[in-house]
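Below: the structure, in structure tokens.
Naming follows writing order (A, B, C and D), and every chain is counted from residue 1.
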Amino acid sequence: MFIQASCILEFTCELPTPSIFMLRPKSGLSQFVLREDFQITPYLAMTEFSDTYGNLCQRLVMPAGKVKLQSSIVAACADTIDVDFTAGWTPIVDLPDPILHFLLPSRYCESDKLSEEAKAITIGCNHGYEQVETIRRWIYTHFQYQYGVTDSRSSTLDVMATKTGVCRDFTHVGISLCRALDIPARMVTGYLLGLKPMDLHAWFEAYVGGRWYSFDATQAEPKGNRISMAYGRDAADVAFVTHFGNAELSRMTVDVKETSPSWL
Amino acid sequence: MFIQASCILEFTCELPTPSIFMLRPKSGLSQFVLREDFQITPYLAMTEFSDTYGNLCQRLVMPAGKVKLQSSIVAACADTIDVDFTAGWTPIVDLPDPILHFLLPSRYCESDKLSEEAKAITIGCNHGYEQVETIRRWIYTHFQYQYGVTDSRSSTLDVMATKTGVCRDFTHVGISLCRALDIPARMVTGYLLGLKPMDLHAWFEAYVGGRWYSFDATQAEPKGNRISMAYGRDAADVAFVTHFGNAELSRMTVDVKETSPSWL
Amino acid sequence: MFIQASCILEFTCELPTPSIFMLRPKSGLSQFVLREDFQITPYLAMTEFSDTYGNLCQRLVMPAGKVKLQSSIVAACADTIDVDFTAGWTPIVDLPDPILHFLLPSRYCESDKLSEEAKAITIGCNHGYEQVETIRRWIYTHFQYQYGVTDSRSSTLDVMATKTGVCRDFTHVGISLCRALDIPARMVTGYLLGLKPMDLHAWFEAYVGGRWYSFDATQAEPKGNRISMAYGRDAADVAFVTHFGNAELSRMTVDVKETSPSWL
Amino acid sequence: MFIQASCILEFTCELPTPSIFMLRPKSGLSQFVLREDFQITPYLAMTEFSDTYGNLCQRLVMPAGKVKLQSSIVAACADTIDVDFTAGWTPIVDLPDPILHFLLPSRYCESDKLSEEAKAITIGCNHGYEQVETIRRWIYTHFQYQYGVTDSRSSTLDVMATKTGVCRDFTHVGISLCRALDIPARMVTGYLLGLKPMDLHAWFEAYVGGRWYSFDATQAEPKGNRISMAYGRDAADVAFVTHFGNAELSRMTVDVKETSPSWL
């Protein structure tokens, strides 16, 4: 399906504020970006670079006052995400070198402290996809989606304590529990068609059966039509925006819909 | 200045033909891509990857029959290119590691065979920018711009023999003569505002005075308002398209103009 | 000075245990490795790869039973580390793209929670090197070097609470406080001539005045003659060994001494 | 088998000469480097970096006068190289992205001009391994191994004309003919146990049946016990040494033998 996604972000800064955005997706195996538009008003010079994960990062200094960013994307996306309960655990000795990285604990994913919990939640599961799906469902079932309880400093241990948070937090919990079982897991940020309430989104991928599969602990069922924006170990790597200073987000509008490119 | 560039390419293939395009620029220090649009008709699945130089490569199998590609770009570009006759030769010992690569001969740039010519052309020049500009002007003055004499297999030695060719050939000669003087040089493909006749374009950069400078042997004077699409050692690295099989280019239209984004 | 460093590690495993070691240094700007020797007894097949930071990682499955690793290195090292109290804070806007990464919080460095502490410790300091050296000295003065209080799960917040730990912990505290002041900081593992008690070591680097400087919170004064083994955000990236399973370290011997290569 | 390889190179320079060596192998899937020793007399500062192919490059300025380099390596190597006549041609659409690069012509491999020859030599062959082995054997049978006919500027077309050259030239011919058939091919430099006459060596790898296979056009039969030093498109990428200036190689001794590490 062709998906058009857009977001508008308005910030107010008292002082010039260096900021890094990760709002521009790349084409990849699972999506092809057909059109992409990135605007900033008032116009100001930006640069762009690729981070260690290959994500595009937009770098700018937001001036004092109001700034508006608008990003819109048209991409060809898969209608579904793959589901395979037979995908087994990949023994560590068989993991490709670059995947090993995603077994390690990270800022918001204290997987090294969650071994017991991960085992308890997945008891009786076949090793691999079934463990991850059980974790995903456990979060979906037991956690409450609620804004305002967590913030940008909340890590998995914090979220496990209150069982409340947003997509970012659910994702961190999923990642941590996977890694605690020696299953590589990474965070994805992006857009999801039909997300309620609509927002910038985050989910996770786990490496089982020799490849990455997508999991979304905020949804009842597996859903496709996603645009992936950035990949990393956790939100420290893939925050939509990182400010070095203070910037107030005064407006944020996200829209995702099916489209049919005019030229098709 | 904001530049809008677009190109339309139509191909006819008898058999399905794997092809790699390099038609989508990235933001960088010298340009910021605000909008980018890439269309293929009939629609078919593509993937995209970054090559060893960081260039985006679009990979697809063109089906038998006709295929039309359309690419359009809006980018913020510098109005001028830097000129600095005082920029001296950078001693090899001071070159950053990744730059060394661009001293070596490559498929279309037999710099190892052009030492005498390079010295003769630049005799009396200060080492550095002045040498490169002298080479550029020598090519501009002595070479005839003409389609149809060279083809995709023509290398610097071939072009030096006839002193005739197109932007790609002029660029290869410039690169070869620079490298023959131990000046790192690389090829750039892209768009140039005001190019006559309008076409996809190529020029070269030389590393002097501790940084890259742009040189265009097809132009009388230094001109800015360029969109860089790909960087590499020569056309083997940065061809707009590489076909593995036969594809006839039946139409090619390129347009480059100043624009003012509607939202500014 | 030429330094010879060696370590012997003996492990006992009950089950085959996938493990990743980071024990083989690379030549770099600050050191040149002249000789390097890596042994495992009984002999078993290993592979080696470079991680995202360019560190060499040795990958193997330790068999059940005893395994002995021996690593020895001869390297040309700087006798001193650079000290420059005039090196100022590098504004974020001037940081090279790849350095930005080292401003972010990481598993063991909750810099996002330590802003107040970092400001209090460095009050009155000139921004830059002086802040970092003040942090380093503050740790050296106020923290007690003691084995057994912390373990591989202890993060900066844990260590700040007890003000007790080992080189790894001191390093995490230094890194966290730097990042809390928007100074990029990274962990280094390696060897230090004259370290007491001799051990594998860790310290940190901070990016001020446009380059990296070394800081070691375990030492009274700046000391050179270091061999750097691995660089990363914190111990999650650069642990000497990461086991996926249980391995008992039954013996560890480290030796670092001045040498004079026989062929000089 | 454990192989010990060493080489001694003596150079005489009239002027200080910047040079890049590629003499230090890395561990990889096909070999594990246990010990490595790199000496220069008189001692002088060097740096080391990884090129775009991941090869280690030693960078130094050789002083006026005599310089001696000694390199010795102990590595665990495979006793045989894989041979598989059933390995088929990998369709271009199935090649991994980073492999595509090795289909392109390069400085010494004018594959774009050798389509007819490649087809003629391999007529009747099954596509894939059998084609490559036929090319290899064709070179081995029809070319004369002789020093002094070719030099560092000789490319495949030159060598095809005289059918005479050394390992480097045979390798270029093999690579060019493979690429002309849309088979990715790359150059390897290194050591071969039992080579006659003993020397630094070069061979090529071709990508068929979904992986790289080794081919050596200087040998009657497939032979293992190789240490790979560097990989690249051709000798422009992987020369043992690249001088920027003049350096006379006054002595070169290479020794390769089976060994048994003392600690085994």
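Heads up, the rule we're going with is that contacts are C-beta pairs under 8 Å (C-beta built on N, C-alpha and C of every residue); 3 or more make two chains touch, one makes a residue touch a chain.
The structure displayed is predicted, hence computed values, not measured ones.
*Asks:* Hey, what chains does chain A share as contacts with chain C?
*Replies:* none
*Asks:* Which is it for copies chain A and chain B: same residues on both faces, with over half shared, or different residues?
*Replies:* Comparing the two copies, chain A and chain B contact each other through largely the same residue numbers, since over half are shared.
*Asks:* Tell me which chain's centre, taken as the mean of its C-alpha atoms, is farthest from chain B.
*Replies:* C
*Asks:* Rounded to a whole Å, what is the gap between the Cα centroids of chain A and chain D?
*Replies:* 44
*Asks:* Report, in whole Å, the distance between the mean C-alpha point of chain A and the mean C-alpha point of chain B.
*Replies:* The mean C-alpha positions of chain A and chain B differ by 37 Å.
*Asks:* Once you find the CA centre of chain B and the CA centre of chain D, what distance in Å lies between them?
*Replies:* Averaging C-alpha atoms per chain gives centres 30 Å apart.
*Asks:* Going by the contact rule already set, what residues in chain B reach two or more other chains?
*Replies:* Residues 47 of chain B each touch two or more of the other chains.
*Asks:* Mind listing each pair of touching chains for me?
*Replies:* Pairs satisfying the touch definition: A-B, A-C, B-D, C-D.
*Asks:* Can you list the chain A residues touching chain C in their complex?
*Replies:* Touching chain C: residues 18, 20, 47, 49, 51-53, 57, 59, 61, 91-93, 97-98, 100-101, 103-107, 109-110, 112-113, 152-153, 182, 236-237, 242, 244 of chain A.
*Asks:* Note which residues of chain C are touching chain D in the complex, please.
*Replies:* Those residues of chain C that touch chain D are 26-29, 32-39, 41, 43, 45-48, 50, 54, 58, 70, 76, 261, 263-264.
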